[in-house]
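Please find the structures below.
Each of the next two complexes has chain A plus one other chain: chain B in the first, chain C in the second.
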Partner chain A sequence: MAQAALSADNRAVERRRRLGDNLAGWGFAGPAILLILGLSFIPIGWSFLLSLTNSNLVSSGRFIGFDNYKALVHDPLLAKAFKNTVIFTALYLPAGLVGGLAVAMMLSRRIKMIGFYRTCFLVPFIAASAAEGLLMGFIFDPDFGIVNSVFQRVGIPRQGFIQSPGQALVVLAVVYFWTQFGFNVVIYMAALQEVPPDVIEAAEIDGASKWNVFRHVTLPTIRPVTYFLMVWGVIETFQFFDLVYTTTKGGPLNSTITLVLYIWELAFTFFTAGYGAAVAYVLFFASLFVIVVGLLYGRRRGLAV
Partner chain B sequence: MKRLLTVIATFALLAAACTSNGSSEPSGGPSGGKVTIEMWHGQIDIAAAAIKDLVDEFNASHPDIEVVASSGGTDTNDMLPKVTTAIAAGTYPDIAYMYGSWGGNLITSPAIADITDAVADPSVNWDDFWPAGRETATVNGQVIGFPAIIDNLSVIYNKDLFDAAGVDYPSADWTWDDFRATAKALTDPSKGIFGVNYPVSGSEDTTWRFWPFLWQAGGEVLSDDDSQATFNTQAGINALTLWQQMATVDKSVYLDPNDNKSEPVFLAGHLAMFVSGPWEVPVIQEANINWGDQVMPSFDGTTHETISGPDLWAVFNQSPERVQAAVTFLSWFSQPENQLVWMEAAGSLPIRESITQSPDYQKYLDAYPGIGAMVDNLGNALHVRPAVTQYPRISKAMGDAIASVLLGEAQPADALNAAAEQTNALLAVPG
Partner chain C sequence: MSVVDAASDLHRARIEEADRLERRQGWRRMMPDPWHFVLFPLSIVMVLPFAWMFVTSFMTDAEINQFPPAIVPHSLYLGGYQLVLGESDFPRWFLNTSFVAAVVVVSQLVMCSLAGYAFARIRFAGKRFILPLLLATALIPFQLTVIPTFLIFYKVHLINTLWSLIVPSLTSVFGIYLMSSFFQSFPKELEEAAQIDGCTRLGTFFRVVLPLARPALSALAIISFIYAWNDLFWPLIAITSTKLYTVQLGLTTFQGQHRTEWSAVMSGTVLSTAPVLLIFLIGQRRFVQALTGAVKG
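Let's look at the complex of A and B:
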């Protein structure tokens, strides 16, 4: 009896304590949650409603159900933007991973002026990519750019670069690699420090070659990081916009139009914001699909954190 | 995507925050007090300072109206997204600087004002504005604002490059053949010098400079009732073939990949003829280029038609009193003595005919030698672009067609027919 009363009392105290904890917790998390709700979730919901109208943003438009989504299927420019985005991801991602790891291994050594070298690789990542786009526009200019003048000197024929429908996307991927792979380098450098030196030492004592140490010790240890960089790279390249906006604006002949650039054009150049929102949702679900498939695959192989 | 949404949301929040801080809260009502109106001009540097001076002068001389002028937190390029988010948030200004090509879509907004009756007042002297400016401000018979800036395309040329190549400066009666021959004679691949420029990004900058050539050859962009594309007639094919021959056979055209490289190429002395407008004049003067300018070449000697892209001071409807106050201010602002202050700062052309008879006009001509020919060229702007809501998408189809021909990927007739097919499909869907 007395015990029951005590435990009831305890429970009340416990409840009050929990309430206090909860309030404090919400107090800390609340402002951040409000920000996220206000800047992410509400716009996401609002843009879904927008995608069900023929709004031009100037006027609210009228409700047209899923007509925008039905029209997506027949839009050749969307197909082109989607294709370009996937090709772009396929060009950048492997190069970014291999290049990032290679440079990270070089920069992990103890050599003179290592700080300087590390800075060199990180600066392009930190600089504004819009500015880098403008700069690269001049470097790869087919008529007055420095790359063609070097080519000419060493006997390679002049190239069209950002003016050629066949080359422009590749040039952009190269420039994007230069601006972005510094991020991979930093992450890989951190990961390489986590590789236990005693395991490497043990392998070396057992007579493993340098390649075998790399292949069977280093690579498996940093695999979760590789996997993270892959997913991250897909998300980033699917949102590729600023470089292409400052260099080719999607040209020549739509050969570099990407999904986000197309969405921007639909909303702010063509006055078809409703349709643009529908395309944005396609991008959203495409990204979501890649992330979920990636997560499931990673979980199965025990890589996901 | 997430970033885009964030940007939009931030804009909306900022717009709401900016206009709700009491101090400059525009007000005004039938009670008869002072009417306060807000103006977003999108200008920077000298042009912004000139507007500020004029607004101060207006406020001092008009005790019943207070104009609050600011850039609107953006430049003119991004004014449309800024104002659209402000409209969504209900915090839009009374006056905003808008590109003329946005008119067809602005008219769909319930927030846009109808000042048709207000500008009919004799004190506004509406007919004194050039026809191209008036037509751009009038959408579907409704006047939505005042002309802000008026410009036109002409051929700006580098005299030193002409002299070096031993080529005569273009004459006022030149034809397409002269134009082509001149460009070819000036082109020198060994020195990296091109005869003339053409942007091939496929944007409106690619498209609008093609229209004068179409009009000169006797073509029209759309049929009279705006239901069909008519640019794929023989006139259009002739015009596009001229540029095709110049770009792919003579190789005398600098194909600008993103619209903004022709200017530095011209300033660096690698472009002999620069098809552009008065907005380049202050920049060219500052670079000390020995320049001249000439009207567009003519198809058959009858017309040297050009194109004008007037911009607007669009008026938005907050209340009848505020709309009237906006009209009063813009009417005052466009008077010759005030307009000349703004023109000298912005390097723009006179928007009213009476400005050219003003006593101070000569001072403006002296400040920008060579701009006089561009003013005269206003008489050659006879057509405006179709004010249909689909125009931005028609422009894209056309821009891609032109770019594909100049880059040697398609033939003029095929490219124009493909663009016409897309245009007809767009026009078949209302609004």
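Let's look at the complex of A and C:
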């Protein structure tokens, strides 16, 4: 009898506690949750609906089914933008990962001045891409740029750089490498700290060569981080905008037009918002495809990334 | 067990011998690590463009335009800065960006720490379902949502106001995740003690938890400041009148207007880069911790 009353009492307390938890939880997190989900999922749905219309941004346009998607298959500029984005990623990403890992390994040798180096490498990552784009446009200016004057001094012919259709994308990849390098280094440095030092020491004492230690101990340990940096790199390069906007704006001759630049032009300078939304969807699925393939590949290798 | 002990004894002996060898070759320690010969030039190359930006901001255009350009300015020319600060809207853009960044930072601190705390400590309905949903939104490229986001702000008449820049950055998945993982690593006993002493949840949060969360909060403040200050894509779309430009947006118009006045353009980039660099140099340790912590978690 007394016990039943007690447990009923407990249940009431428990219920009140749970109500309090729900109220507190939603009170604390609710505004943030609503804002983030609202500004993500409403636009995603809206974007899809928009991609089925011929909206010109200010008026909502007419429903035209999948005509936008049909049109984009034959859009030479989209093909160009897609190709440029893929080439840009292929130019930057392997170099970014290998370079980042190499320097991170040099810095994990208990070397002196580590703080100085890390600061130097991170500064380009911190500064705004817009300012860096202006700066690099100046440095690689074919007429007044310092790079061409140095080239001339040492006897290399002057180059067109960002004003040459053949070189502009390569120069941008180099500049992008410069801006992202510090991030790759810092992430790899943290990953290398997780490599158990006694395993390396044991392998070394047992006569394993440095290359073998690297190949069979270090690389497998940091592989999840490599996958992370790859996926991250693809996401970021597929969203590449600020640098190209402040240097070439897609030129010369569309040689540096990227997917995001093209979407921006479609929606906000040509006012073909419906078509722009369709292109944005293609971009989304392209990057999602790369991410999923990357994750599946990682999982097949027995990794929980 | 004894085999392991013997092995580790042997291991230790070998290490000691290696140490002795190294001590005997003491002169080697005087030599710098050879990798400095790679790292030092590389780090200089990394910051050289900024040094060049700084130097040229004090050069006359004649000095910059001469070919090859002078490496050191002949005198301290301030015309570029005078033009940027006196004759352009740059000071206004600087204030606009400062205002946006300040509101964003304060709001990120409040909203992300509240939400992060809820996800780390409070059991509320729907939490298990919402957390992965939030993290998934981090994979959505902004380009996919930007056109409707513009339309939403257009419909509520916030386009072309500074609020259109503030509202999307009031909180962030990154910030919530950062704060939540910080609170998870935090001893529960303090909060329990405060609650037993009769503190409400909100009281516990503000009086006990937040003061101890200073490291995570400062990391979040630094990162959200840098992000708000540096953004270009969204301001480019959301702001149309020159008076409401942010620094980065204003800079891009410099390029066209002052094509030949490189000293002015470079003065502008120096002034726009200075605040982020300053904040980064002050809070570098926290910044790196947050960056690497978020990735590892």
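To be clear about the criterion, the second predicted complex is superposed on the first by the 275 of 305 C-alpha atoms of A that agree within 3 Å, B and C clash if a C-alpha of one lies under 4 Å from a C-alpha of the other, contacts with A are read in each partner's own complex, and residues count from 1 in each chain.
Note that in this section a contact is a pair of C-beta atoms (placed from the backbone, for glycine too) under 8 Å apart; a residue touches a chain by one contact, two chains touch by 3 or more.
Only a predicted model underlies this, so the values are computations on that prediction, with no experimental measurement involved.
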Fit or clash - chain C, chain B, common chain A:
clash
A:Val260 in the overlay: touching chain B, chain C, both, or neither? Say first, second, both or neither.
both
Would you check which partner chain A:Gly137 touches, where first means chain B only, second means chain C only, and both and neither mean what they say?
both
Larger residue footprint on chain A, choosing between chain B and chain C, goes to C
Give one of first, second, both or neither to describe whether A:Ser59 is in contact with chain B, with chain C, with both, or with none.
first
Figure out whether A:Pro94 sits in contact with chain B (first) or chain C (second), or with both, or with neither.
neither
Chain B versus chain C as contact partner of A:Ala29, first or second or both or neither:
second
Which partner does A:Pro220 reach: the first (chain B), the second (chain C), both, or neither?
neither
Could you tell me if A:Leu39 is touching chain B, chain C, both of them or neither one (first, second, both, neither)?
both
By the touch definition at the top of the document, which applies to A:Thr269: first (chain B), second (chain C), both, or neither?
first
One more residue to check, A:Pro196. First (chain B), second (chain C), both or neither?
neither
After superposing on chain A, which stretch of chain C overlaps chain B: 9-17, 45-53, 117-125 or 153-161?
153-161
Which residues form the common part of the chain A surface touched by chain B and by chain C?
39-40, 42-44, 47, 57-58, 137-138, 143-144, 239, 241, 246, 260, 263-264, 267-268, 280, 283-284, 287
Going by the contact rule at the top, pick out the chain A residues touching chain B in the complex.
38-40, 42-44, 47, 54, 56-59, 137-138, 141, 143-144, 162-163, 165, 239, 241, 246-254, 260, 263-265, 267-272, 280, 283-284, 287
So, in the complex, the side of chain B touching chain A is made of residues 1-6, 8-10, 13, 80-81, 84-85, 87-88, 105-106, 108-111, 192, 194, 200-203, 254-255, 257-259, 261, 265, 268, 270, 389, 392-393, 396, 400, 403-404, 407, 409, 431
Note which residues of chain C are touching chain A in the complex, please.
11, 14-15, 32-33, 35-36, 38-39, 42-44, 46-47, 49-50, 52-53, 56, 64-65, 67-69, 111-112, 114-115, 117-119, 122-125, 127, 130, 133-134, 137, 139-152, 154, 167-168, 170-173, 176, 201, 205, 226, 229-230, 232-233, 236-237, 248-249, 251-252, 254-255, 262, 265-266, 268-269, 272-273, 276-277, 280-281, 284, 288, 291-292, 295-296
How about chain A: which of its residues touch chain C in the complex?
18, 20-22, 24-26, 28-29, 31-33, 35-37, 39-44, 46-47, 50, 57-58, 103, 106-107, 109, 111-113, 116-124, 126-132, 134-139, 143-144, 146, 149-150, 152-153, 178, 181-183, 186-187, 189-191, 194, 201-202, 205, 225, 228, 235, 238-239, 241-242, 245-246, 259-260, 263-264, 267-268, 273, 276-277, 280-281, 283-284, 287-288, 291
